[in-house]
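Both complexes shown next keep subunit A, but they swap its partner, so subunit B is in the first and subunit C is in the second.
Moving on to the complex of A and B:
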């Protein structure tokens, strides 16, 4: 496997520093939420996980379309790396959302449009990764997973706009007009932390995918 | 091994299927039949509502909340502005529950026109604000000690 690039190391370092400072701000500096109290602070993990899982899935979608049009295998490496990152962030989103919902709404889970579409989003991209693991020819795997990624991506705008298209228990998107300015700042700070970690992660994931690809594309060793 | 043309054909086909699926969801009337909760007006208007387990959503009417502290039950009115339904709760609502807030309750419309529920959920708005006066409100405590 290739060694990590300077950019990849830098992204991890910046992301880690931002994450530590950002969580310090979120836990100790920013005021608690008026209605929710201290439990409202889970927002600073939940919302960055939501934003960056959508970003990761979008990168995966762009790379999948890019692979299908250009045939460049490095696009497939980007697609799988960002799909994996998206699935992990999506799992974090669902877990923190559940922990958030119990004390505020009163339930761990309810089948409202936002929650359901977020769960479907996770399942479909897990499906894409499962599909990858059962197809062994690298070229065919890249094509199949690119097509399935495009299909899975249909649900991303549905998830994002679900709170506006349907009645739900989940509130619609907040904006700086509905949110305390200190909270907006800390939220964005933590989102940038996760963004940098995501960029580092994409670098690592691409290197792993490239090394798997190289191994599988190599001609078989001559056996004695 | 796929040729470049085949692969591009896959891309166009996948994008077309994905795009039309998204268009169908966006512009169809799915939302008309698939609703997460009914408003009080819809609950009143629907003759089949009695006895079926449904969700009812609306705002808790200020001044209508009555607690029974001995068994933890509560009654309150839920409104959408035009119709109002009296809700009998057999459960402890979550800590954010209060008069004037949005709720979604799961249960059944009783024959006397009230709504019996075992599950009260609070619908929070998209507002996130610092507490007035600089201290976090101890909401759980104020609900138990002073329900006003």
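Moving on to the complex of A and C:
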């Protein structure tokens, strides 16, 4: 496998520093949320995970479309790396959401549109990654995962809309106008921390995918 | 159009020569209807969830149906021969989806009266709208099931992945069909059925278009 590039190392280093500082600010500097108190601090992990999981899925979708048009294998590597990152961030989103739901709503899980569509989105992309794991031919694997990624991504809005018609108890999304400016700053700070980590991860994931491809595309060794 | 009818005729012949294929699906969905009753706390709850149970049975049957449909095509290189036919892959896709829609509609028409009788569900709404919802729901499930089935059937040991890929993807269709059916069974006093039908039509249109565009890549690279 190729060694990590300077950009990849830099992204990890910047991401890690920002993450430590951002979490310090979230825990000790920013005031507690008026209604939820100290529990509200989990939002500084929850919200960036939500934003960045969508960013990761969007990159994966873009790369999948790119692969279908160009056939360039590097696009497939980007698609899988970002889908993996999206799945991990999405799992973090669901886990922190559940931890937050218990003291706030009194339940670990509720069938709210955002929760339901996040869980559906997570399962859909887990399915895409599992499909990849059972296909051994690199060309076929790339095509099939691109097709299933496109299907999974375009389904997100209609899933959200349909479950929203079904039921909703989630808080209305806050915006910078309804939030304390310190809170907005820390949320964005943490989002940048996760963004840099995501960029580092994309680099690592792309290298791993490329090395798997190279290994599986190599001609069989000749017998002596 | 000739190509579409040619492939459709082939699919119809396959079903005609093996009636056990669709009849086993009817019994499969009947078994689901029966089993769900054991998980229900009361007969009143059973009545309330009739619409949802009906569509879960159809969805489960669709995974078996699509597995069966692709299995035949993978035997003796039939899929390669189909791809070599002088028809566009999209035509092949639409023929397969229409055939699966017809199969699922048959299963649904057989399961419907069964669930009405066994769950003692009322039928107060407009039967025409209910039938429209039923056909649209089957068409909506058929498109992604056909596309994903084409992949999972070709990969060794991946048939278990079909439900995992299909179920989360068809959540909007399942939800809209189940809620639409439930409100129609109750007579649709709040006029909600058109909204659910709208979601179902949007989902169906999206996946029929997407499938037509993407199917060629799956069978040509397969």
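FYI, the second predicted complex is superposed on the first by the 211 of 224 C-alpha atoms of A that agree within 3 Å, B and C clash if a C-alpha of one lies under 4 Å from a C-alpha of the other, contacts with A are read in each partner's own complex, and residues count from 1 in each chain.
In this text, contacts are C-beta pairs under 8 Å (C-beta built on N, C-alpha and C of every residue); 3 or more make two chains touch, one makes a residue touch a chain.
A quick note: this is a predicted structure, and the numbers were derived from the prediction, not measured.
Applying the stated contact rule after C-alpha superposition, one finds that A:166 touches each of subunit B and subunit C.
In the superposition on chain A, no contact is made by A:212 with either subunit B or subunit C.
Of the two partner chains placed by superposition, only subunit C is touched by A:127; subunit B is not. When the two structures are aligned on the shared chain, A:36 is found in touch with subunit B, with no touch to subunit C. Touch criterion met: A:150 reaches subunit B and subunit C at once. Within the superposed three-chain model, A:10 lies out of touch with both subunit B and subunit C [touch as defined at top]. By the document's definition of touching, both partners, subunit B and subunit C, reach A:158. In the overlay built on the shared chain, the residue A:110 is in contact with subunit B alone; subunit C does not reach it. Looking at the shared chain after the overlay, A:88 reaches neither subunit B nor subunit C. In the superposed model, more residues of subunit A are touched by B than by the other of subunit B and subunit C.
Contacts of subunit A with subunit B, set against its contacts with subunit C after fitting on chain A, overlap at residues 68, 139-140, 143, 146-147, 150-151, 154, 158, 165-166.
By the touch criterion stated above, subunit B contacts subunit A in their complex at residues 1-2, 4, 7-8, 10-11, 14-15, 17-18, 21-22, 25-26, 31, 34-37, 57, 93-97, 104, 119-132, 134, 136-139. Within the complex formed with subunit C, the residues of subunit A that make contact are 68, 116, 120-121, 123-124, 126-128, 130-131, 134-135, 139-140, 143-144, 146-148, 150-152, 154-155, 158-159, 161-163, 165-166. Remark: subunit C residues 144, 147-148, 151-152, 155-158, 161, 164-165, 167-169, 171-172, 175-176, 179, 195-196, 199, 202-203, 206-207, 210, 214, 217-218, 221-222 touch subunit A in the complex.
Remark: subunit A residues 31-38, 40, 43, 65, 68-69, 71, 103-107, 110-113, 139-140, 143, 146-147, 150-151, 153-154, 157-158, 165-169, 171-175, 178-180, 182-183 touch subunit B in the complex.
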